[in-house]
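Chain nomenclature is as follows: A, B, C, D, E and F, assigned in order of appearance, with residue numbering initiated at 1 for each chain independently.
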Amino acid sequence: MTQISQNSSNLTHLDNQGQAQMVDVSHKTATVREAVAAASVRMLSETFATIQAGNAPKGDVLGTARLAGIMAAKQTSNLIPLCHPLPLHKVKVQIEPDSHLPGYQITALVKTKAETGVEMEALTAVSVAALTLYDMAKALEKSISIEAIRLVSKSGGKSGDYHQAE
Amino acid sequence: MTQISQNSSNLTHLDNQGQAQMVDVSHKTATVREAVAAASVRMLSETFATIQAGNAPKGDVLGTARLAGIMAAKQTSNLIPLCHPLPLHKVKVQIEPDSHLPGYQITALVKTKAETGVEMEALTAVSVAALTLYDMAKALEKSISIEAIRLVSKSGGKSGDYHQAE
Amino acid sequence: MTQISQNSSNLTHLDNQGQAQMVDVSHKTATVREAVAAASVRMLSETFATIQAGNAPKGDVLGTARLAGIMAAKQTSNLIPLCHPLPLHKVKVQIEPDSHLPGYQITALVKTKAETGVEMEALTAVSVAALTLYDMAKALEKSISIEAIRLVSKSGGKSGDYHQAE
Amino acid sequence: MTQISQNSSNLTHLDNQGQAQMVDVSHKTATVREAVAAASVRMLSETFATIQAGNAPKGDVLGTARLAGIMAAKQTSNLIPLCHPLPLHKVKVQIEPDSHLPGYQITALVKTKAETGVEMEALTAVSVAALTLYDMAKALEKSISIEAIRLVSKSGGKSGDYHQAE
Amino acid sequence: MTQISQNSSNLTHLDNQGQAQMVDVSHKTATVREAVAAASVRMLSETFATIQAGNAPKGDVLGTARLAGIMAAKQTSNLIPLCHPLPLHKVKVQIEPDSHLPGYQITALVKTKAETGVEMEALTAVSVAALTLYDMAKALEKSISIEAIRLVSKSGGKSGDYHQAE
Amino acid sequence: MTQISQNSSNLTHLDNQGQAQMVDVSHKTATVREAVAAASVRMLSETFATIQAGNAPKGDVLGTARLAGIMAAKQTSNLIPLCHPLPLHKVKVQIEPDSHLPGYQITALVKTKAETGVEMEALTAVSVAALTLYDMAKALEKSISIEAIRLVSKSGGKSGDYHQAE
């Protein structure tokens, strides 16, 4: 699929003087919109083994990161300057161990019924969930890195659906 | 340098029942601490060219992302559940175009005088600056990805200095 | 009335893997919803007499607690991890002296037009109003206690109306 | 022990015109201070059994409430109008099942090194943890009540230590 | 035009006991509403010249103030106790140099589709943009003053349109 | 006194590339600092009379505005992008009727012990207190204006004391 907008001649968040603004969405229709984002957290295999072990009895490592992602989705418009504040109808964050990475694969799904989409909310959720994993493991390893924060898919809205290329 | 803590047998944010807590730092000394973090934002060359052009007259694209990163550093303890709230003494975010990526290289430097370090503040700053770039360019390209969010260096505190391996 | 849901076999905020999520309300209809919550603040009679006297000229003790409750209602979705962010259409907090307690009876009424209810907003309002009373009186008495934070009634929404049993 | 201050003739948060203010603590010394607060959440035995069962595999019910309490402690000065913003050096929230209640006993311990105490932070932590339990169980039972939010003990500061009477 | 409401006999934010409340708007219709507010920032001509020079290469002085205004509009209901939380559909802040003042003229336009208006959001945006200019120039001159924060116009809603008198 | 800094050749919040940053204060000493700011709110005499009457029984109009100012002081570093987050040791807001204006004179005093001053906190407090007065009276008169937001005095810190010229 095409990944570059045909109307690539301008940046929508800048007005015709090049100044940042929150763009007008009042003419748009409130429709159900959904976005899925993902991120990877890569670490040494010793670190991965320790978290897997530490998480076993009670789930607080991954549970804490999931919660942080959900709560961060609700802070998106306070963090991203030109984001519109939106109601959110669903937020789900999942974190799966990936022994090949080694590390964790994080995905977030966000849904709303609004005049604009929730891509930034999903991306913010996975970013903060990943940062929270970093925080909980940084005493073990400072070289953990967060990789490939990306939009997996979106649906709803006039600009059409999107699925990342394989 | 060694990147894995010798004391890898536990996760400091979990108590001995495996429950998440904000760890006690009251016995530590307030010292000057500094952390540098980095991230990359990779995009298609057309997207990169459009942002570079759009940013030219007034700087609001990169300026907006820098500001978002600085302000996000101040929200770190509200976003990362087990982070200690800290005073911050300096926050600087830099965003450099990288035509080879193509995209942008983001770095953040944070300083404080406190009982614990500011790694998470620097990592949060680069993450939110990167998300803001995504937000401003997403109408052009949805496949932009944020890569290699990582700690570059830290100094101060009992655990010693750290510089990422080359 | 029955106070236990017939569908008591699961907790709606956990998915089928037992993981916390913000549940999907996008299929629900936005309707007018209202909730009333209450709390009691019990103190020694000397403390009660001092607040009653101190509050007399200008009302700043109870006025401060009322304001704190109203403002806290607006923070509910930032405090309660799985709460949906909602517009609020009315928030009213009332605090009545109760010389028999002795102390204060607090009630909050919250209204919205949304896909989900405002019970948590009303409960948060009375809780923070009560905590604010504690804060303002704690130099007088540390043994003040907050009692019986509860939902008094709710209306609107598919799950039907609720009134607490006498 | 005496639970009523000898200097009960005024409310410290009101100036001599009866107006609310954030009192001056700049003449006080920053010392290590600690506070412990508690709350109970009472529910029907069916509700208690369902939460206990639902919480078993992964711990997300109680884990979510603990996290909410920890994060709320950091919001205390934004919620309680006349509270001083403080650094926090430790926050720990514990939630124990109590089959006799039936329900849960919540305690929070908060530590800082500051010019004023952290009683309100501990009380806010248990309150929000309790509200989060309510939120997660409210689809099962709306008559859950939060009881006995109280200060258990405090130490540090010129006003001396405090332990609640048995 | 008449600038004083005919129904001047009461303050809508006080109930009939004189207590502050967030007034009920649930019976109102969600319609498109717009508000424009303005403010002036007056300074010595030397200060003005320095900012104009300093802003030239990259725009970060005025760009920072514009961003601060946009982000503050989204915080309005957290700052103004009785304001309703609202979705915002457009926020635009403009800052123009005025060599006759000397200083800057700030305007903000805010749009929504909601049950109540966005006057406070526009006024908050210009106020915080002005405070940010003060912050960035205060090392040069402490006697900068912010003048004439006012509503320029509003449209939408049952109370009719408003334009400030010339 | 001189109101223009001798070192007027640069804007401290811009680095040598003209980019906004939070300036380094880690080399400065934490000392007691105090700032006083003021603002005026001007309205029609009918509006003034109505507020004075409405405020009489319970004080909630001016009390609400005072509280909003105190709470806003604590949000300063979240609103002003390059402000350092600081502990605050005292915040007091006063609002006096001025029948000659007609309207209200607002002053705020803020104290801290920190590496940098609290001018912005005092200015933010009076601004938000003034906006809250506007909000509570806007149903009566939309032409209310906020005037002369200014620093009255500051003390503490290396840059010396300041008092506004008469």
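Before moving on, here are some points about what is shown:
Everything below uses one rule, namely that a residue touches a chain if its C-beta (ideal position, glycine included) is under 8 Å from a C-beta of that chain, and two chains touch if they have at least 3 such contacts.
Given the structure is predicted, the values throughout are model-derived calculations rather than measurements.
Listed by label, the chains that touch subunit B and also subunit C are A, D, E, F.
When the partners of subunit B are compared with those of subunit D, the chains appearing in both lists are A, F.
The two copies, subunit D and subunit E, are related by a rotation of 180°, based on C-alpha atoms and rounded to the nearest 5. Comparing mean CA positions across the assembly, the chain most remote from subunit A is F.
Ranked by separation of Cα centres from subunit B, the top chain is C.
Between subunit A and subunit E, the centres computed from C-alpha atoms are 32 Å apart. The set of subunit F residues touching two or more other chains comprises 19-20, 58, 60, 63-64, 67, 71, 75, 78, 81-82, 87. Of all possible chain pairs, the ones that touch are A-B, A-C, A-D, A-E, B-D, B-E, B-F, C-D, C-E, C-F, D-F, E-F.
Every residue of subunit F that touches subunit B in the complex is listed here, in rising order: 15, 19-26, 77-78, 81-82, 84-87, 114-115. Taken in their complex, subunit E has these residues touching subunit A: 32, 63, 66-67, 70-71, 73-75, 86-94, 111-113.
Residues of subunit D touching subunit C in their complex: 3-5, 7-14, 17-20, 44, 46-47, 50-51, 54-58, 60-61, 63-64, 67-68, 71-72, 75, 78-83, 119-120, 123-124, 127-128, 130-132, 134-151, 154, 159, 162, 164-165.
On subunit C, the positions that touch subunit F within their shared complex are 58-60, 63-64, 67, 71.
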